[in-house]
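There's a structure below that I have some questions on.
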Amino acid sequence: MIKVGIVGGTGYTGVELLRLLAGHSKVELRVITSRSEAGMPVADMFPNLRDKVDLCFSEPSVEALSSCDVVFFATPHGVAMKSAGELIENGVKVIDLGADFRIKDILVWERWYGMQHTAPELVDEAVYGLPEVNRKAIKQARLIACPGCYPTAVQLGFMPLLEQGLIDVNHLIADAKSGVSGAGRKANVGTLMCEASESMKAYAVPGHRHLPEISQGLVQMAKGEVGLTFVPHLTPMIRGIHATLYATLKSDTDLQSLYQQRYESEPFVDVMPAGAHPETRSVKGANQCRIAIHRPQGGDTVVVLSVIDNLVKGAAGQAVQSMNILFDLDEQAGLEIIALLP
Amino acid sequence: MIKVGIVGGTGYTGVELLRLLAGHSKVELRVITSRSEAGMPVADMFPNLRDKVDLCFSEPSVEALSSCDVVFFATPHGVAMKSAGELIENGVKVIDLGADFRIKDILVWERWYGMQHTAPELVDEAVYGLPEVNRKAIKQARLIACPGCYPTAVQLGFMPLLEQGLIDVNHLIADAKSGVSGAGRKANVGTLMCEASESMKAYAVPGHRHLPEISQGLVQMAKGEVGLTFVPHLTPMIRGIHATLYATLKSDTDLQSLYQQRYESEPFVDVMPAGAHPETRSVKGANQCRIAIHRPQGGDTVVVLSVIDNLVKGAAGQAVQSMNILFDLDEQAGLEIIALLP
Amino acid sequence: MIKVGIVGGTGYTGVELLRLLAGHSKVELRVITSRSEAGMPVADMFPNLRDKVDLCFSEPSVEALSSCDVVFFATPHGVAMKSAGELIENGVKVIDLGADFRIKDILVWERWYGMQHTAPELVDEAVYGLPEVNRKAIKQARLIACPGCYPTAVQLGFMPLLEQGLIDVNHLIADAKSGVSGAGRKANVGTLMCEASESMKAYAVPGHRHLPEISQGLVQMAKGEVGLTFVPHLTPMIRGIHATLYATLKSDTDLQSLYQQRYESEPFVDVMPAGAHPETRSVKGANQCRIAIHRPQGGDTVVVLSVIDNLVKGAAGQAVQSMNILFDLDEQAGLEIIALLP
Amino acid sequence: MIKVGIVGGTGYTGVELLRLLAGHSKVELRVITSRSEAGMPVADMFPNLRDKVDLCFSEPSVEALSSCDVVFFATPHGVAMKSAGELIENGVKVIDLGADFRIKDILVWERWYGMQHTAPELVDEAVYGLPEVNRKAIKQARLIACPGCYPTAVQLGFMPLLEQGLIDVNHLIADAKSGVSGAGRKANVGTLMCEASESMKAYAVPGHRHLPEISQGLVQMAKGEVGLTFVPHLTPMIRGIHATLYATLKSDTDLQSLYQQRYESEPFVDVMPAGAHPETRSVKGANQCRIAIHRPQGGDTVVVLSVIDNLVKGAAGQAVQSMNILFDLDEQAGLEIIALLP
């Protein structure tokens, strides 16, 4: 049994980690910390976990966490970078669901996140936890930086085209629609039901923190600079990201085959039949990315539709997938959940 | 492995059965019939089942179904009564999620369902599949009539009070709120998103088909006549029933202890702590009934709050629970799913 | 033109008042105060008001407010009682949408609202602003206490029965379902979209602040004590209250005629035809209460269905209705808005 | 008073027309036809119209309609083209909210709409009812073809850029998100609440009927061919369209000033301040298009955000606006409604 600790379990990625790990047969949940809720049974805050998780939140403690094989950080940026180092030195694997170790260029990170990075040496070491790109490196990692939700949907959608050099990389467009859970479980007027339901809006068009992360990934795939316009939208639903990607084709090719081959052996990427339109609800609660490729009216614009559940393949599920790889378990262990439809 | 067939798998209880059975380690899905969709892969209609269920819908056939150990009917009323008999004769266990065998009084059934019953002899034999009441009988049954969704929430909520004779049975009130999936997956103006979302309404106040079913169950618990007013409401959410039950207490007692003792060994009924308010989302996707008991201002009115997922504990989950009992499996097999929250 | 001031215009009743008053041909909006947002154009916070309201929020000032003919308080309880007196002395009419002057018994108020009342003498004078009960008194008032949202729906629903002494007053039940806007525009985890949508729950079953207010109104109608059980539910929609009321009939009568006659000349109460089920969306955005009366299976339980928009007939619309009466305007002025459907 | 008839008033654009016209002081509603519902009071189908509209649906009759000054067709395509001619000959103005007269090229129309056009001569005469483009022609028209909902949002969004020749016209992208009411009030599995809520999906990516209509408009603005990729998405809300438009700038200019000047005198197009993100709810129920312009990271990609209520500025409201122009009324008459927020 793998002994697991979680730092910061009171948010949506935290409860989702708990849901997945409580049903994972190789995992023993050991510690879950929350400074603000120390002492409270986890199931009092999240009644879906009654009779499923009997832990209480505890004060963060390096000692307690060091008794684990792996510690997940489900914390806002700026938290993991402060304690990851000590845990790693103590032989604990660290999987960060936050943003601290995603961006390799420290200056870029500091500009977008508005704080000084306190562990730049760990950024170098950290492996970006997108298994479809970095499976081998994940297996060897001590520190895994789980991708953000938008970056997961967008990178998996563009990857085959960029790897094959098929599109004009100067004008990539990612129009992404996210459910409200992406904003987290924070008291906040903007995500009240009365503000966010029955409405649609773009936000952060001048620049969103996931932009540099996505660009970094696309650059690596394209082996060269890319020009990306990324427009996120707040969508009146709880879970789900729908990324609609646009690019101009430079040459003709069988896009459907390209995608099917690229993802043939990927357990969590499903290329739909030609002509299909994936719905976010088809992945609700599941660790799945579903993709469809279109070329409207046979023109030179390719449209890729890529959907995930932002809390699963976009966060907690992907983190567990990395954990499975890291500990040589079946990559699908604990992740065979079928999406809840309707 | 238990060989399973499903008749009528194109509705919401059908896809929910598939979700649960596909993740059940002792079950082999053999046949799923649909006259209208014969030949179509199930996963084409329900893309959440891609790579999880590879069956195609087939024409209904007693022969094919007779190769199964158990057949679930996820059909509108009037269908199961026509073929259940033949299957039972062929040694197949039948679990009906529809209404054909729920009501013992044939005349009452015929009045409320507006058709002649073609298999009254089977009604006698059928066991009402509420395990918390009939576990022993279910174990021996050849034919199980799964309770309706409202009846499950209301009966489990009133049961301890009625069994102990603590309330005035002449003026029971069940004010029940159901998500829209209770109306099924039928093209219908009334349950369009534009009609049913952002609105609340009562319906069928003069009389709903679940009224005689609930009354039959309450009479059995009370060992005598009961007077029940049942008002269902269409609620703007997909899944969930919230039953708010009112009765006048005849004598003083510790209601919290009463409920906790009654349901102590029930794996799928959770009595919440005193003062709690269960949310339907705490059981979304899970085979669970959560109950809280209140006595506002210490008066003689008792208020019971009882929530279920209408498609799980109110339909497919309860059916699988009965199957587990019937085949001597762990009653929780395939039903350990944690509710999806948020 | 009636010169109008609003104190506390940053909440949902505030923006709703602005919507109604901006379209009211006899009204001139003069002042809108908000300590926290002073200086900000109202339309920056509520973009639906762009080009419709060109005021800025200003610091609260008795002087500025005293230049108005009437001042609306759209504030949390405890605010209006501090400044209403001075405004009234300055000859300004005060209409409070909050709770400060609704309950005549100061001790009861102080117990439920957890603070000392600083203007008990005004409570005596205040007229409870339910025009269907107090139209004449409203006309003469200097200070109007607008009813709460639940109290409006429940009192209008029970009134004809209580006035005629037709029901057992000891066991009245009001099962009420409210949209989330009833909780106001405050940063609060419980009303985040991810917490409140796709779920249903009762809350405050042990006791809600609207209970003593409703009871006070029912007692007056019944001319004697009443026993009321009031259970509010948080419903996954933005606007609307659906009150489902239950009582035991003491004598036989034509309930449909009773209600139609009682509300015949009321412009904002619509008694639906026998057998109808009002939907909250049929009053969305409109100053309307729609009622239907049922007697299921011809028994002795009467069921009244009463729907309003909590922000209109349950708050801002009713306040404007009182203002119209107070200033001898057409009672429907500015309130002829048709509900938005779908 | 302008005597008004409506053909096909049982859909969402029909009831929206009724809402707007019932509140229009210069209009007398004379006739509303529906073959299927003849005889039924309109307010029985749409209870928000109780006491507001006392008409009954009647059988379609050219005679009755010919007594009107203007007839609106709120019908599926293929209906208006059959009777518009006769009404026009009888001196009645015709405003078609459907698609019959929008596309000038008959062959294109017939290909996309899959039927033969029976009144091609009227197509020539018809004026495309986008007042911001064709106000003068509308004033003189006998037959007005109201734009589709997507075309309204997209054309108003692109217009200033195209008129000034500022963008590369070969790779225009319109990523549009529509509420479910755009699909109409038809019994249909795909728009059931259980199918369409809590999910997001693109649809008709290979080609949507609004594509040729939008292209026709853009070509006229650009005075030359354009290459447009149009991807509509079904969004889990009732009303609203959010069009996110992308183009590559060919030259530098002050985009904010450009838009403000272009729409300075347009009563129903609101250019928001630089940096803003319009929400669809800010126009819910209102005849308004709100636009914001962005140039992320100062690059050469321009992003235009354009929102409307699909049933108002995208259908019924725009039709009434055209009627006002046609009959020399104040263009804003009956359209001063403030959006319902929250």
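For reference, chains read A, B, C and D in written order, and residue numbers begin at 1 within each chain.
The rule is simple: a residue touches a chain if its C-beta (ideal position, glycine included) is under 8 Å from a C-beta of that chain, and two chains touch if they have at least 3 such contacts.
As the structure is a computational prediction, the values presented were derived from the model and not from experiment.
Student: Which chains, if any, touch subunit A and subunit B both?
Tutor: C, D
Student: Between subunit B and subunit C, which partner chains are common?
Tutor: A, D
Student: Give me the rotation angle that lays the C-alpha atoms of subunit A onto its copy subunit C, rounded to the nearest 5 degrees.
Tutor: Rotating subunit A by 180 degrees superposes it on subunit C.
Student: If you tally contacting C-beta pairs, which pair wins, A-D or B-D?
Tutor: A-D
Student: Could you check if the interface between copies subunit C and subunit D is built from the same residues on both sides, meaning over half shared, or from different ones?
Tutor: Same, since over half the interface numbering is common to both chains.
Student: From the C-alpha centre of subunit B to that of subunit D, how far is it in Å?
Tutor: Centres of subunit B and subunit D (C-alpha means) sit 45 Å apart.
Student: Centroid from C-alpha atoms only, then distance subunit C to subunit D, rounded to Å. What do you get?
Tutor: Subunit C and subunit D have C-alpha centres separated by 36 Å.
Student: Starting from the mean Cα coordinates of subunit A and subunit D, work out the distance between those two points in Å.
Tutor: 39
Student: Return the residues of subunit B touching two or more other chains; collapse runs of consecutive numbers into ranges.
Tutor: 12, 181, 185, 194-195, 197-198, 236, 238-239, 278-279, 281, 284, 342
Student: For the complex, give me every residue of subunit A touching subunit D.
Tutor: Residues of subunit A touching subunit D: 171, 173, 175, 177, 179, 194-195, 197-203, 205-207, 227, 229-231, 233, 235-240, 242, 244, 246, 248, 275, 277-281, 284, 294, 296-297, 299, 301, 303, 305, 307, 342.
Student: What does subunit B use to touch subunit A in their complex?
Tutor: Of all residues in subunit B, those touching subunit A are 12, 15, 19, 22-23, 46-52, 181, 185, 198, 238-239, 270, 272, 278-279, 281-286, 290, 336-342.
Student: Can you name the residues of subunit B that touch subunit D in the complex?
Tutor: 12, 180-181, 185-189, 191-198, 236, 238
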